[in-house]
Amino acid sequence: MDTKRINEFGIGDFIEGYYLIRSVDSKTSSNNKSFMDFNLADKTGEINAKLWDSNKEDEETLKNNMLIKVRGNVTEWQGKPQLKILRIRPIDDMDMVSIDDYVPTAPIESETMFKDIMEYVEKIDNMSIKNIVTTILDEEKEKLLYYPAAKSNHHAMKGGLLYHILTMLRAGEALGMIYTHLNKDLIYAGVILHDIAKLEEMDSSELGIVSEYTKEGQLLGHIIQGIKRIDKVAKDIGADEESSLLLQHMVLSHHYEPEFGSPKKPLIPEGEMLHYLDIIDSRMFDMNKALENVSPEGFSDKIWTLDNRKIYKANI
Amino acid sequence: MDTKRINEFGIGDFIEGYYLIRSVDSKTSSNNKSFMDFNLADKTGEINAKLWDSNKEDEETLKNNMLIKVRGNVTEWQGKPQLKILRIRPIDDMDMVSIDDYVPTAPIESETMFKDIMEYVEKIDNMSIKNIVTTILDEEKEKLLYYPAAKSNHHAMKGGLLYHILTMLRAGEALGMIYTHLNKDLIYAGVILHDIAKLEEMDSSELGIVSEYTKEGQLLGHIIQGIKRIDKVAKDIGADEESSLLLQHMVLSHHYEPEFGSPKKPLIPEGEMLHYLDIIDSRMFDMNKALENVSPEGFSDKIWTLDNRKIYKANI
Amino acid sequence: MDTKRINEFGIGDFIEGYYLIRSVDSKTSSNNKSFMDFNLADKTGEINAKLWDSNKEDEETLKNNMLIKVRGNVTEWQGKPQLKILRIRPIDDMDMVSIDDYVPTAPIESETMFKDIMEYVEKIDNMSIKNIVTTILDEEKEKLLYYPAAKSNHHAMKGGLLYHILTMLRAGEALGMIYTHLNKDLIYAGVILHDIAKLEEMDSSELGIVSEYTKEGQLLGHIIQGIKRIDKVAKDIGADEESSLLLQHMVLSHHYEPEFGSPKKPLIPEGEMLHYLDIIDSRMFDMNKALENVSPEGFSDKIWTLDNRKIYKANI
Amino acid sequence: MDTKRINEFGIGDFIEGYYLIRSVDSKTSSNNKSFMDFNLADKTGEINAKLWDSNKEDEETLKNNMLIKVRGNVTEWQGKPQLKILRIRPIDDMDMVSIDDYVPTAPIESETMFKDIMEYVEKIDNMSIKNIVTTILDEEKEKLLYYPAAKSNHHAMKGGLLYHILTMLRAGEALGMIYTHLNKDLIYAGVILHDIAKLEEMDSSELGIVSEYTKEGQLLGHIIQGIKRIDKVAKDIGADEESSLLLQHMVLSHHYEPEFGSPKKPLIPEGEMLHYLDIIDSRMFDMNKALENVSPEGFSDKIWTLDNRKIYKANI
Amino acid sequence: MDTKRINEFGIGDFIEGYYLIRSVDSKTSSNNKSFMDFNLADKTGEINAKLWDSNKEDEETLKNNMLIKVRGNVTEWQGKPQLKILRIRPIDDMDMVSIDDYVPTAPIESETMFKDIMEYVEKIDNMSIKNIVTTILDEEKEKLLYYPAAKSNHHAMKGGLLYHILTMLRAGEALGMIYTHLNKDLIYAGVILHDIAKLEEMDSSELGIVSEYTKEGQLLGHIIQGIKRIDKVAKDIGADEESSLLLQHMVLSHHYEPEFGSPKKPLIPEGEMLHYLDIIDSRMFDMNKALENVSPEGFSDKIWTLDNRKIYKANI
Amino acid sequence: MDTKRINEFGIGDFIEGYYLIRSVDSKTSSNNKSFMDFNLADKTGEINAKLWDSNKEDEETLKNNMLIKVRGNVTEWQGKPQLKILRIRPIDDMDMVSIDDYVPTAPIESETMFKDIMEYVEKIDNMSIKNIVTTILDEEKEKLLYYPAAKSNHHAMKGGLLYHILTMLRAGEALGMIYTHLNKDLIYAGVILHDIAKLEEMDSSELGIVSEYTKEGQLLGHIIQGIKRIDKVAKDIGADEESSLLLQHMVLSHHYEPEFGSPKKPLIPEGEMLHYLDIIDSRMFDMNKALENVSPEGFSDKIWTLDNRKIYKANI
């Protein structure tokens, strides 16, 4: 069976295929009957789906982040497509589908990215800096392999944080050859650590899907958490104070503007560069994604993360 | 001899008395002669002073934060009074003047204030919170006894930080009786800790005069340093995580606006109250000071810390 | 019969009880039949309710701000609960329910609050100030007994304005003992008069529910109206000009920022304090209310009047 | 004798002529001698002047706003011209110079302007509005004949307020013929009254020179004072409330932006037009003045009242 | 037959009459049937309309900007009126209705306005300026006769751009008689050219209805396009450089603020005046329109183009 | 003779050496004598210098941008060093000093940079884009060889614009290998053209020193001038419209924010990247320069072009 991609659904289509339950709620309709309200997803998009007259068993079986097989009709509700579910069940081994095909995932395998990042760590000469980075990467490796870089913005995908780090490292290395006064140790360590406390700020499933922010994330945020982490590790391993201070300052200042969370602007060139590496990588990601389905000489929708710009697809 | 107060100097006056050297520089004039450039102070104000044709011995003897006896004439230079020094020497024991009469000092004795603050600590019920506060106060008592609350703004005086804390505690206690849903433990601990890392942010002499900010102060700032301090002490003494988190959040948010250094706004009522206790205490201090020498129905000069307002002295 | 509280309604519940009609509209459905669209309320919340196939008599009987008895089923419509009305009628004397149980009301009885406020007036020494305040309170007593302090923000409840004033007076008295340079006459009078022209700015029913702003409210606003009122009363009773000017300035500046309606910032310490008394009282009210139904370690919804912050319920 | 105009002074010139003392201070030099520090003015500009070794008689004779005869040399001090005074004395009747030649004055005679304005008043049909305007103009005629429209910005000249009003009336009349839905009564009355309380906000000498703002001006400002004035006059003469309300709203909103003193924006078209009449008249005045001494294809200095723009003199 | 005006529709009315299709979409309902979704309009407003169970022929016949005859019932859907279509067909010649009665149109005939504008061109003395203007008007006459001045804001009507230009010319002429230092050639040419590249920025139908912005409009905008146009025409006809530069500067600066598209503020008085002529004309238009259906002492809805103000209808 | 570098001057030093006259004015002192006021410079800094009792010959001989030999004493004036000139004369051939040693100059020879840039042009595949760039570079080569990139900010040095372009090209090439979806033709052309109209905006001497902005620069600015230039060249050589439009959009948007001169933000990824290449290159230049004379663990002065940050010299 050839599962139709969600971004190809047309009103009136009959659908049979495998999809991911991004979220599910059990509700009661105005005529007092139970129904289930789904968001189904594949890599190409999402669709709302309804299972009318659901029963207890459905409610106990069908859960978030589960792959299911479904049959139904695509209808329209308030200007948007909606799937009216005829049959739905969890997959079993016979179905031979893999979760990796159903969640957005970084284009490089996580273990490979982790290894590549470790090679950059190897290039760090300053032992205090190197040890701080190594210690933290060791402690966080497991989560890093699946965490996204954000809940819904750029790099919101499985392995997204690793991918964001790795691309920034490559860009930092390239610019370091042009702006040779920059200290590469600070650049590499700053890139690796700048968002490391997103692992504490957000709760992510192993699919790289973030359900919510943690209370620490909301009361302090990943910048503050990251600074505390570096401070603690540096003291624990006896790193020199200047190195620790510089890394903390880079994390503190990497959002650049107070209203985006950085009470201090970068006061060292490596902090300035870190900010631009970060913003370039997220902007390139978002713009590239915005143009995916746009025809030449056409404009994308307004993209919230790009200040509501409509991005233009050049025709040259 | 009755030393004339600086705010009473008139152009043309002959002056003989004791003053404090707030700062001193050795310079060379356009006709290539050595002279010394002073800022002399007493509790009522400051005046620029010049010692023309100074010699090596003067330069080696006369230093910052030293009490001196001086004779001279008050002249005018570019619209401002300036003291032309005739004679100047350091005080000796015979002069029987005390440094405390020459630097702005909190109106309550430091040890008394410290004791009063400890009484508030005694009222804290939550043992984690109480222990965090007690530990930090113990470690910092020595510096607290003389540190000001700022380099040049409100409470820039010897013992100013203690005085700021104590007044806020008293106000917090009073408002806590009216807004009874507030947790007094958080209020008292938040007040005591909110500016505690100013001790690390600024370098202060024992006269309560700040010469400069530390590199940690400039690269991280007292809010971040305070959070790290609480985090470390809490972990060291095994305080519960929720209490530590709440105190860190209160410190983080007490400046309220991102552009003033708080990347998060208060998310608990006690944090909100801490912010207002802080701002009320500084504003009352500054306004009171602004009106010191203003006549009824008159206006003060523009006060920088009060958004350049000219404060009005009511006549009722 | 035990009337169920609205914040306890569950989808599917059968309801029978007494509620308040906050608003009601008669409408026609897409199949051209008449129906009535209600917002029903008790002290715990509001719910939308529909009476399908309504008739002329229903439309003539059921009006805003009326108490009714209703039977119906709780259904769900677009993610929110909705009451499908089976029977509805106005209450009669037999029902023995009181309107005061159905509208949000200040926690202290209005006459008591008014009396308490008058005791503060008694403490005012300056006769000009005292007479201005007394005159205005006399003229406005009737409306003050039920007016809320706002249409939909803080203290939007019957007697809310009195409650806001009284709490601020108590806080002002407490802080006046700590900041002793403040003139208590100005503080007390400023607190009492700061929002007095809200009585002219808004049209309120005797339930303390504001339907709309008056044209004077929209074209001038309560700050300007309040100043004119003080000016007129002061001239009528021959108050001294300085006192009148100071009170007008306090009213003018109490919103502090131009974009919130104050073209001048406070230029006297009592005006500065008035602003903070006002903002503290509204923030404490809103935060307290936001946390009413939040579990420990949970967050409230985004609160519009608190800059869309989600308030956290501490767990200590 | 042909008095040289100040804007024609060259460094090194010997000067003998009549000028106005805009301000004068008695000071003491660093070598402890008395001197007097003047700003001398004619219609073309101002120059700083020093009388060294002044005596008591000089200090008692030479006062602000007095015409004097002076001899001296033009020198340079810190990049600016300065007059070194050789002789100076007040004028006497023999000198036959008139103060009107020494202060900036509106280009139309004040009595003529007042009469022209009264002709616009005659065109007002609504009797309430007409009476309010007539009453206030009657009460203020004396001051209006010499008051400027500002302390140092546009129309800071004798009769400047009348000139500003008259030009705006003419522009309002012209635009009223194009935008025929506008009510001319409101336009004429709004123009006449919009700045009327500048007479209370500023202290002006009869030369149209403002020395300072009044305490009412600083604590309330001319917008608030103007509203109170209209309110009072309207009540005194029994004008209808709607007319009074509209005029007050126009005065309140004519600065348009909260940060410029208007807490409400215009909500009627006549208020909107009043704002633009006001701003056009002040901008045309300032730009015209900025270009007075600029050569074609040249730029003026930065003009503070024009957002520091340098205005360009077109060459066509 | 007397066609009912859309702003007079009541819920439950039966309607038969002629309207304009502003937009139409073919959709599929949740029960999988085809229907068509219209916005119908006349000069008084718009209404959503549904044709249920539509067929292929309907979809091929009924298009945007077409006049139709329709029968139906006015129902209510989510608080707004909606027309349930019973019959619908395109008009034919027998219907004797004219498109001009169905689209908002300037109150003066386009050819007349164009002729009036050419009379202003005749008054321009500077031949370079006159030739630039004449050349561009010649090239654009055809589009000018129907283009609106905006997609959805002020003067969004057939011939709206001409009407905007003509009214501004009349106002500019009137103010030029009062502010006589202004160069009328620049004023007239600036007014005519300031929005000329809106013809390139937007795609308008001959009904004056703009469907979308062009790619040049989005990537550069009408200010930049207008400057390029003037530059090119000036070079082609050999106009003098100063004249061309001044006109380009006026177009560049006429939006006044960077955030509204003008990177430079006006540096010549004629540019300053152009800005105010433009803004006055659009504000008067919008305010007048806002008050069309408001009763005395009532307020309009919030008007987006007027900063969400509710405009007040004075009652004098 | 070993000429002392200006940044090594000490108060009291006797100086003899070669320096550049950055600016010179002839003035008259308060005792009516002629003197000359210089700013002398070498590559390390500037110093104010005075030649007292100057004569006509001095004034006719000594001009801006001239190399001179000077003898004098370093004194102090108002806290800053000042050179009191004893003797001064223009250099002659015997002095064997080269102007290149006295003006800040790019670290690569201009012809070499130009050739390197042409190699990037060779890599452009799109012939329209390549031809536009080639044409403009050909026309501007002469000026490009010495123009700075700014009057006083980053890259204000001889050949600074070429150096800025070349470094950005290298960075753009490096990042293009990482962000492979970018069109390198647009990147290279955008970098080369983004500031090209600075050649029209500023008047530069052949030393790369800008005396002032042109009238076109002030009335339109280099962004608008650059767009017009591209537009004209593209039309002249028959380039395709899309290419020309994209380049114009990139120039228009490269300052990113309206308040910095870009009314549109980048709507294509290459425009986004151009902005960051530009800002990174200027920031790295300014930070590097700021740290030139700072000791480890020290801070620079406040740098205006870096938002008044004090940059920190890391000590690792």
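Observations
As written, the chains take the letters A, B, C, D, E and F, and residue 1 is the first residue of each chain.
The definition used in the following text is that a contact is a pair of C-beta atoms (placed from the backbone, for glycine too) under 8 Å apart; a residue touches a chain by one contact, two chains touch by 3 or more.
Remember, predicted model here, so these are calculated numbers, not experimental data.
With contact taken as defined at the outset, subunit D and subunit F are each touched by B, E.
Subunit E maps onto subunit F through a rotation of 180°, based on Cα atoms and reported in steps of 5. If you average the Cα atoms of subunit D and of subunit E, the two centres end up 42 Å apart.
Centre-to-centre, using mean CA coordinates, subunit C is 62 Å away from subunit F.
Centres computed as Cα averages put subunit A at a distance of 46 Å from subunit B.
The geometric centre of subunit B is 44 Å away from that of subunit F, both derived from CA atoms.
Contact with two or more other chains is made by residues 215, 218-219, 246, 267, 297, 299, 310, 312 of subunit C. Under the contact rule stated at the top, the pairs of chains that touch are A-B, A-C, A-E, A-F, B-C, B-D, B-F, C-D, C-E, D-E, D-F, E-F. Of all residues in subunit B, only 27-32, 215, 218-219 touch subunit F in the complex they form. Residue ranges on subunit F touching subunit A, taken from their complex, read 126, 128-129, 167, 170-171, 174-175, 177-179, 181-183, 185-186, 240, 242-243, 246, 265-270, 272-273, 276, 279-280, 283-284, 287-288, 291, 297, 299, 307, 309-312, 314-316. Subunit E meets subunit C in the complex at residues 11-12, 73, 75-77, 82, 84, 297, 299, 310, 312.
Per the touch definition, subunit D reaches subunit C in the complex via residues 215-216, 218-221, 223-224, 227-228, 231-232, 235, 245-246, 248-249, 252, 257-264, 267.
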